[in-house]
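Presented below is the structure to which this report refers.
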Amino acid sequence: RDQIQVVGSSTVFPFSQAAAEQFANETGSPAPVVESTGTGGGMKIFCGGVGTGHPDVTGASRAMKLSEYELCTSNGVTDITEVLLGFDGLSMAVSRNGQQLDLTKKQLFQALADKVEVDGKLVANPYKKWSDIDPSLPNVAISVMGPPPTSGTRDAWVELVMEEGCKEFPAIEALDKDAHKEACQRMRTDGPFIEAGENDNLIVQRLESDPTSYGIFGYSFLYENQDKLQPVKIEGVAPNEETIADGSYKISRPIFFYVKNAHRGVIPGLNEFVAEYTSDEAMGTGGYLEERGLIPLADDRRAEVQKAAKDATNMPAPKK
Amino acid sequence: MSAITLLLIVLTLSAFGYLWGRGRAGTLKRAGAGLHSIPAYHGYFVALSCGLPAFLIVLTWIAAETSVIDQIVLAGLPAYITEGIEASRISLILSEIKSVAAGRIFGTPDPAIIEAAERYNSLQNIASLAMVVCTLAAAIAGMVFARSRLSPEFRARNRVDGILRWLLIISSILAILTTLGIILSLVIESIAFFSRVPVLSFLFGMEWSPQTAIRADQVASAGAFGAVPVFWGTIFISAIAMFVALPVGLFSAIYLVEYADTRVRSVVKPLLEILAGIPTIVYGFFAILTVAPMIREFGTSLGLDVASNSALAAGGVMGIMIIPFISSFADDAISAVPQSLRDGAYALGATKAETIRQVLLPAALPGIVGGVLLAVSRAIGETMIVVMAAGLMAKLTLNPLEGVTTITVQIVTLLIGDTEFDSPKTLAAFGLGLVLFLSTLALNIVALQVVKRYRERYE
Amino acid sequence: MSEKTTAAAAAKTNAWYEPDARLKRRYAADKRLRLYGVAAILFALGMLATLVLTIASTAIPAITQTMVTLDVELPAEAIDAANPREANYQKFINDAIARMFPEVDTPREMRELRQLFTSSAQYQLRDRVIEDPSMIGSTVAFTFPLSDIGDQLHKGGIDRDLPRDQRRISDDQIGWYDRLVEQDRISTPFNWGLLTNADSRFPELAGLWGALVGSFYALLICFLISFPVGISAAVYLEEFAPKNRWTDLIEVNINNLAAVPSIVFGLLGLAVFLNFFGMPRSAPIVGGLVLSLMTLPTIIIATRAALKAVPPSIREAAIGVGASKMQTVAHHVLPLAMPGILTGTIIGLAQALGETAPLLLIGMNAFITAAPDSMFNPSTALPTQIYIWADSPERGFTSRTSAAIVVLLGFLVCMNAIAIYMRKRFEKRW
Amino acid sequence: MTVLDTSEASGMIMNKTAESAGMLAETVRAGEHEVKIAADNVSVFYGEKQALFDVTIDIPARQVMAFIGPSGCGKSTFLRCINRMNDTIDICSVTGTILIDGANIYDAKIDPVLLRARIGMVFQKPNPFPKSIYDNISYGPRIHGHAKAGSEMDEIVETSLRRAGLWNEVKDRLKEPGTGLSGGQQQRLCIARAIAVNPDVILMDEPCSALDPIATAKVEELIDELRERYTIVIVTHSMQQAARVSQKAAFFHLGKLVEVDETERMFTNPSDQRTQDYITGRFG
Amino acid sequence: MTVLDTSEASGMIMNKTAESAGMLAETVRAGEHEVKIAADNVSVFYGEKQALFDVTIDIPARQVMAFIGPSGCGKSTFLRCINRMNDTIDICSVTGTILIDGANIYDAKIDPVLLRARIGMVFQKPNPFPKSIYDNISYGPRIHGHAKAGSEMDEIVETSLRRAGLWNEVKDRLKEPGTGLSGGQQQRLCIARAIAVNPDVILMDEPCSALDPIATAKVEELIDELRERYTIVIVTHSMQQAARVSQKAAFFHLGKLVEVDETERMFTNPSDQRTQDYITGRFG
């Protein structure tokens, strides 16, 4: 195999594409092959083992989970470098022809969870319209398109919105650990939440043609389509570069890529590719990844990351 | 020497063999012997005896070389490198050896690796030399042997015909192998799937949510593999497609065969056929970007609630794609109704419409039904349109304005990117594939029987 | 004889031909059926037209590429003529930009300004210099693409009247762009790059070359395998095989294969070629193999039909003068059937060219910025390239996706036209 | 036999034909037989190609007229002019006039659909519709509104089958498909189907050429019976058959009508050399 | 020409074969003509259905033998047994023996391809290859290696066309497609093609039924000339034709050979009632 193989998150995909292209242009080496498989799907292939049959790099729109790390280890993929690339806002958006909403995480939980608390009891989600949740919300059917479980965006959404939202419900908080997790994390499957696949752009296009639907995807897609889409404000803040960078927009998440160190020195160009990907021109402030919607790291943090990437420092096992 | 050059050399040798054999036969003939076969066939015989075995050797060699050399190189590695290492690591070591062998050295490789790389290179050289030697030896041996068999009584033509016949047979077997391959690859994975999910609960279960948690600590869908809603979605969308395609296809066929003059027909027919030639991914775009919003707008203006990925949009567009299947089959079937039946009806004073409705259509019905069944199986198996335009949510609904999902959509979403073969989620795709294969098989067999019976009636 | 007298005579003695209400009804039914036929055809053709028109009209912006021309200094001291590859071309471009817009000084503004121009200008400049080292030391008028936002702005894809927070381009950038227009530095030549470039992350650079090469390789393999094998199989089944249960089975089987959903062939390719034989993922050779399995039945069926259409009298004639069966087939039947066979083959290949689903399963939907140099290298194909572009957020890809579809359709129409031409041209009367 | 009386009339017609084309179509009394069909100067073109040249002939009512001649001479073409079946062939055009009971059937006012209801036709190959025997017969009456489904229709079906001499053979299986009958039965079914719409004239184009000798004999017998009620024109390639069933015969050659005469006279004493050659097997 | 030399060799092969098959090859004199083809007890089955029943017949050399009989009686079937054309029909099986020059052609050692080179065949519809006239004729000699392309081949082509009486009509357009000739010319081209491989026997299956009278006359004339050199078997549906061209005739009925006799005798004084009925037009 002459080419570097990159898999993973659809959110990181554009960044990997950009780095891969730059790498090929700069070095004249064969162009890396980048496939978009979703964070979880990517992890699964990445951790499948060491050898030319397995990819070298995987992108992730959330940190590697312990379970995934264990999968890797059990398949002999023990030496992994974790590279924190930067941040991405998680946005919920609607067509410009649609109705802008300002939602709280609690309301989002109520709209999207499988079971919700009504009068202190956990019941199957009864809300069909936004106005069922709060009369001040519009009287339209809830219709939200989002990614499937293989997607890091989905994990991040669950973690940053659903988990937070469900904290507002005493009865759920009172549940034991497993039941609590179950209640907080399970998305509803009765229609209002639509698993729309890994293709964020298809969600965008559907939103354009369907002004009553809302979509969940990475901020970069919103950024590219801001003339057609408007963000949903969450807790009163709409996502934009400033609000994400300064942290006032709460639903942003770190994005990563992972390098299989056993492949360094074996797969031609892998080291150079990682160097390119982590260079200042790429992930630094004003780098070309920023143009694609990445919110860059602070300088000191970046230096650390760059060093780890260069030295092939192995990541520790993630905490639970 | 590359395999291509080698094959060219073998080709040249065969050409030479042809001339040699033909020349020999010519000599025999001039010597007054009555040849059984003409000299050219003696030539062909020598050429085939020379080229075929050599060609086979090259092919098998190419197929086997890599893994044989890999094994030898690995076997030669010192124990401390290969000891207790699982297979995937070994492939990595191999690829490192190959990198080094190709002169791409990173860092400082283990001396054993460098040595292995050298060995690899020399093996590679030996192997390619050996391939050349073996191939040429086989070619020449075949040629000489064949040449020695030539005689006036030698039935060269029958021999050559026999060899060619075997080549033809092997080709037809390839088509069978494809089916076997499909069935095997589906069945093996399906067995693995059905060992986790009982067949009955797959076939009759009402709940489909295969996007299971892919990690232990994730909460996703519980992993229900009841495929009824998926089957329903497939049937529903296909039905919508047929609802569009059947009348349009049938009426256009009727018009083209019975009413249109030849000029119109010669323009319209190829135009209609273009519809079947447009790649389905293009229809997919057409569905999501043009038709779905149109339906939605229209529905909303009527106060209806239309899903953005409605079954109607996907099915309707699929119907458009299928129109030519129906129209050309109906066209053939109606044209194939013997003129005598038309004459019979006209002679009784029937109008054109009466003749068509009451005589031609009933007579052509078996052919039309055959075409319709084929079109249905096309609709059931159609992928890209539904992948792009239909939903992912398995839903049992009769409302065409809601989204449904289909077998093919599920196969694609379950398989793209993620190629691990151990989770029921991935295996479910093969289970679905098997069902899909079997159902289109059944439809095709029925269609074939119908068409066949119909043919028998009129020939 | 005069018409009138006949008619008069007829009217006197015969009334049977007077049409009654019933006859009128019958004719009305006839008219209706005819009308349905016309309506059906108009519907089908209308849909075809809508489809083609919507796609073609979205593709229009991609016909041209907005280019900008800058005067770039190539100082001899900054470029090593022996090794022109290593120089810092980004700096030359930046300098040229800075000379044009001297008022831009903050890094932030400079960055915004640079966003108007394609980020690969430096590589294009580099390649130009490597090609023509005599440029070193002079100032050249260098023409290169605007970036996607510049392109969109120029073509009206971005509405400059929208409030700032609804467009991707800042007021400053619009101002700079206007200056470039004023100075006549903007041109919109035909977008050759769409055909000659490989895929890129940047719409202004993305082209179909890689996909075309990938499709070419895949089709080549597909042709090399399915054509000879398909014809041989068909010849065997039609001309040689005894007609018995087995050959019936094979026939049913092949007809069935022709209708097996393409996605199932993808599953087969995944299981057999990738997992069993360990062939490389995303490689055109695997795509070609999968497509050839798909095309094989089409070719077999078309060939059999063509063979069937050769009148038996030709076979009898050949056998009657003492040709063997193989000679009969090779000398007479195949040549006569060839037009039909070729038509079938072209149509089969056209289908293969447009096929997407199986290629998705074998990974031919990856992002690869270079055309493959062999059929073993990863690559995309035309339809999968369309699939990828469709999923890219940049606005420029919307029109390029449609343009790619138009290119694909163009190839298909050509192939079909060739098929129709052959059918017409070689239609023989025996 | 009354047949012989026609000799004078036909002799006259022949003379007319021989003299010149484009003459007035008088209603010539042919002995006791009135003229049912009078063709005057009929020419037929398939596209550019002329298939029939100025055919002028009178066909008497309630007799059997046979058209004979070598293959391709235009027998079928002329037959199909009589019920305007040629209208269904795009490239076919007809000039001249054909009067049936004095009405020009090529007049614009004549509706071919109604015309064909009056002129039945039976074809070379039996062509029953792929429907039941009953439906085959009832189809014509139904589309023309002669009878509603019910006892009235049953009666028509029975009468027609009886007249075609098929009733006894099929009365117990009227619901079975007509295509399941033997060839001879099928041909009689087709004749019954033609009779069912109550025509005046029955045209038959080589009705026996696809039948075996026994079936042929049955159909010939039937034709003989039918001529009591119907005017019958039959095309045949077999002179033996013409001799057996027809009272008058017309010989066509290369698109021209060469000779019309009483069958017996023509076969024993033809007036034209070409007829003579054909009959004696010099060609054909 | 070397072509002719092969006849001895093939004769040798055939003799050997006949002996090994355990057949005594008598040479029966049929009047002044030796027996060229001797069929003994030949039955033919198409699958289950028997199409020919125990046909035993001797066909004399250098004469024309006509097979007549109603449609479907098995004339073609028997004809196609003689050059083993029936081998190409899967479901067809033949029992009994057919000796040509004393050698059993159904012996396993006989290569049907070589047999067919010795027994030419001409079909009902002229079926020239869609190639040039020259290539039509030269095809047979080429595949049998009788001649190389060049003057030798030119000679064969010319001789064959001359014998078929076509040379003068086509000598200036040998490179034009054979399909462009008129029907009669095409049929003579097919005869020339059969002659070109230098056969002993020519089988003709209704060779004139697709031709017009003039072309028919020409072909019949040709047949008359050819019988000086070749043994000819012709199937015809026209008794007149049989009378014109053949010396002997065989009448088939329902798969049985009813009567073989000199043509004249059979037509004037048939010995079997069925023959009588057929000839007098009682059926068929």
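The chains carry the letters A, B, C, D and E, assigned in the order they are written, with residues numbered from 1 in each.
The working rule: a residue touches a chain if its C-beta (ideal position, glycine included) is under 8 Å from a C-beta of that chain, and two chains touch if they have at least 3 such contacts.
In UniProt terms, the chains line up like this: B = Phosphate transport system permease protein; C = Phosphate transport system permease protein PstA; D, E = Phosphate ABC transporter, ATPase subunit.
If you're wondering where the values come from, they're calculated on a predicted model, not measured in any experiment.
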Minimal step count in the chain contact network, subunit B to subunit C: 1
In this assembly, which chains make contact with subunit D and also with subunit E? B, C
Spelling it out: a chain qualifies if it touches subunit A and also touches subunit D; which chains qualify? B, C
For which chain is the distance between its Cα centroid and the global protein Cα centroid smallest? B
Would you mind checking which chain's C-alpha centre is most distant from the centre of subunit E? A
Going by average Cα coordinates, which chain is farthest removed from subunit B? D
Mind naming the chain pair that shares the most C-beta pairs in contact? B-C
Rounded to the nearest whole Å, what is the centre-to-centre distance of subunit A and subunit E, using the mean of the C-alpha atoms as each centre? 85
Can you check how far apart subunit A and subunit C are, centre to centre, with Cα atoms defining each centre and the answer in Å? 33
Whole-Å separation of chain centres (CA-atom averages), subunit B against subunit D: 57
Counting in whole Å, what is the centre-to-centre distance of subunit B and subunit E, each centre being its mean C-alpha position? 49
Give the residues of subunit D that touch two or more other chains, as numbers and ranges in rising order. 113-115, 143-144
Which residues of subunit B are in contact with two or more other chains? 157-158, 289, 351, 354, 416, 419
Two or more other chains in contact with one residue: find those residues in subunit C. 26, 324-325, 365, 390
Would you pull the subunit B residues touching subunit C in the complex into a rising list? 157-158, 160-161, 164-165, 167-172, 174-176, 178-179, 181-182, 185-186, 188-189, 247-252, 254-256, 259-260, 268, 270-275, 277-283, 285-286, 289-290, 320, 323, 327, 351-354, 356-357, 374, 377-378, 380-384, 387, 408, 411-412, 415-416, 419, 421, 429-430, 433, 436-437, 440-441, 443-445, 448
How about subunit E: which of its residues touch subunit B in the complex? 5-6, 9, 111, 113, 143-145
For subunit B, which residues are in contact with subunit D within the complex? 261-262, 338, 340-351, 354, 358-359, 362-363, 457
Which positions of subunit A touch subunit C when the two form their complex? 1-3, 13-14, 16-18, 20-21, 24-25, 30-31, 33-36, 53, 96, 199-202, 204, 220-221, 223-227, 230, 240, 286, 288, 291-292
With touch defined as at the start, can you tell me which subunit C residues reach subunit B in the complex? 26-27, 29-30, 32-34, 36-41, 43-45, 47-48, 50-51, 54-55, 228-230, 232-233, 235-237, 240-241, 250, 252-257, 259-265, 267-268, 270-272, 274-275, 293, 296-297, 300, 324-326, 347, 350-351, 353-357, 360-361, 365, 383, 386-387, 390, 401-402, 405, 408-409, 412-413, 416, 420
